[in-house]
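Chain naming follows the written order as A, B, C and D, and within any one chain the residues start at number 1.
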Amino acid sequence: MATSEQITARPVMTDQDASAVLRAAEARARETGARMVIAVVDGAGDLKAFVRMDGAPRGSIEWTIDKAITAASFGMPTHVLTDGVQSSPPVMASMASLPHITLTPGGYPLMLSETLVGAVAAGGGTTPDQDQVVAEAGVAALGSR
Amino acid sequence: MATSEQITARPVMTDQDASAVLRAAEARARETGARMVIAVVDGAGDLKAFVRMDGAPRGSIEWTIDKAITAASFGMPTHVLTDGVQSSPPVMASMASLPHITLTPGGYPLMLSETLVGAVAAGGGTTPDQDQVVAEAGVAALGSR
Amino acid sequence: MATSEQITARPVMTDQDASAVLRAAEARARETGARMVIAVVDGAGDLKAFVRMDGAPRGSIEWTIDKAITAASFGMPTHVLTDGVQSSPPVMASMASLPHITLTPGGYPLMLSETLVGAVAAGGGTTPDQDQVVAEAGVAALGSR
Amino acid sequence: MATSEQITARPVMTDQDASAVLRAAEARARETGARMVIAVVDGAGDLKAFVRMDGAPRGSIEWTIDKAITAASFGMPTHVLTDGVQSSPPVMASMASLPHITLTPGGYPLMLSETLVGAVAAGGGTTPDQDQVVAEAGVAALGSR
């Protein structure tokens, strides 16, 4: 039998963490006057917390969850992933057609002790920049835990 | 031009309402010691608010969202819908295989002024009864608005 | 900033663990003369290791991976999950129609320090019992780590 | 009745072959320090053997399996297929959106006696070149059988 010392462990994001990330992003969205969808997933891309603010387009629901899944699946912000592939049209087209993978800005990995523990994404902003500002407020909330 | 008096309107559930429903259900789950998934959708079955408590099985994510979608889609609690169809195995099997429709207890419509405005569902409890108790706490939170 | 003491952590199954589970199950299958598919997934149901022995039916590929996903998704052996739902035809039909959920024997959760870290499944045996014997050999290999 | 001399046959890749290909590619990945996903499929594109090394991004699971399926489906390395279609954006976009077809480097057909018997692919490398080097080590392992 393995002793606890031998067992490899990794940090996890609790539901309290996920809630703090969600609230921080939502507060930032309200400051900007935007009506947003905000999603938090765990390191495997499974939904942990979600809110759709009044007036946010329903077309942003799946899209925003997919941004979070994409950031968790590749361990990098979605705009960085996009920058890395857009020089190659075949790679870009292939990635964009993978289920739940989206090459749009606004999804960010969440890290604890240099380990991927989840991702947060925002969508529905009137500009991609707005999505990023709101999601980044969520990232900052976990960092200050 | 229609004056504001002439425009037909229906009540809607705000994001504040959805948040209150979610928090009440989550508080009830914590009282029972259960680790649950809780989902709130609007009247069209589109996700409005969601939380997955630590330890809730990931198999309950889609299942619980589907319970809420089912309650919103037919305007009745999922256990009532199930009672109505289980005397006919072909009807039951056909309904169960519709995308996002599930014949399992724990999903409830949310009403304002006798109008369907959404649904709440709970999943991951150790018994179907536990799912129902938690979701009913969410229903009560909207009723007392 | 959080100190490492404050961070919640959980044990994980390494690729060496997954390989040991796979090899033990495959060895057991060869002893029985069966031609099997064996799959190991992590705690989120994502594929970690897989082998299809010569002569194993291709229809068992997705089926066996789904058995492992099901065991990881609900944290229990698939035959136990099945026993729990078969008294209710509507629940049974609803679960069976969820994507990647299967109510067939042969999937088992993998635990380390009482924490779900993955699942192993076997398929393609000539009897459900054979699937279970082979998968259980995989479970035993992790326990003795 | 046909005698054994009269029966038309084609070479096949055994599970031992597939295992040798997988191990050679995995060993090459460890030499380079990369955390990779490696997949081996048969000539029909059905999964035969698979490993996900610790730290490999989960976004590479389906992608890598798809690289192997693509190489088996067209009987050529994925980078050669990509070179052939990228001069026509409509052809490229149409191919990239076919289920399980991906126009990204790192998938190679496996041949025995000039016959297609399967494919191997690697993914998750920090550069496409890394994916190719690792998959090529798998190809070489079969060639030396």
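The rule is short, and it goes like this: contacts are C-beta pairs under 8 Å (C-beta built on N, C-alpha and C of every residue); 3 or more make two chains touch, one makes a residue touch a chain.
Predicted model only: the values in this text are computed from it and were never measured.
Novice: Show which chains lie in contact with chain B and also with chain C.
Specialist: A
Novice: Express in whole angstrom the distance between the two chain centres, defined as the mean CA positions of chain B and chain D.
Specialist: So the centre of chain B lies 45 Å away from the centre of chain D.
Novice: Could you give the separation in Å between the centres of chain A and chain B, each centre being the mean of its C-alpha atoms?
Specialist: 25
Novice: Please report how many Å separate the Cα centroid of chain A from that of chain D, as a whole number.
Specialist: Those two chain centres are 31 Å apart.
Novice: Considering chain A alone, which of its residues make contact with at least two other chains?
Specialist: Those would be 14, 44-46.
Novice: Using the definition of touching given at the top, classify the network of chains in this structure as line, ring, star, complete or other.
Specialist: other
Novice: Would you tell me which residues of chain B are touching chain C in their complex?
Specialist: 57-59, 62-63, 66, 82, 85-86, 89, 92-93, 96-97, 102-104, 128
Novice: Where on chain A does chain D make contact in their complex?
Specialist: Chain A residues touching chain D: 44-45, 70, 72-75, 89-91, 93-99, 101.
Novice: Please output the residues of chain A touching chain B within their complex, sorted ascending.
Specialist: Within the complex, chain A contacts chain B at residues 14-15, 18-19, 44, 46-54, 58, 61.
Novice: Touching chain A in the complex: which residues of chain C?
Specialist: 1-2, 4, 6-12, 14, 42-46, 112-113, 143-145
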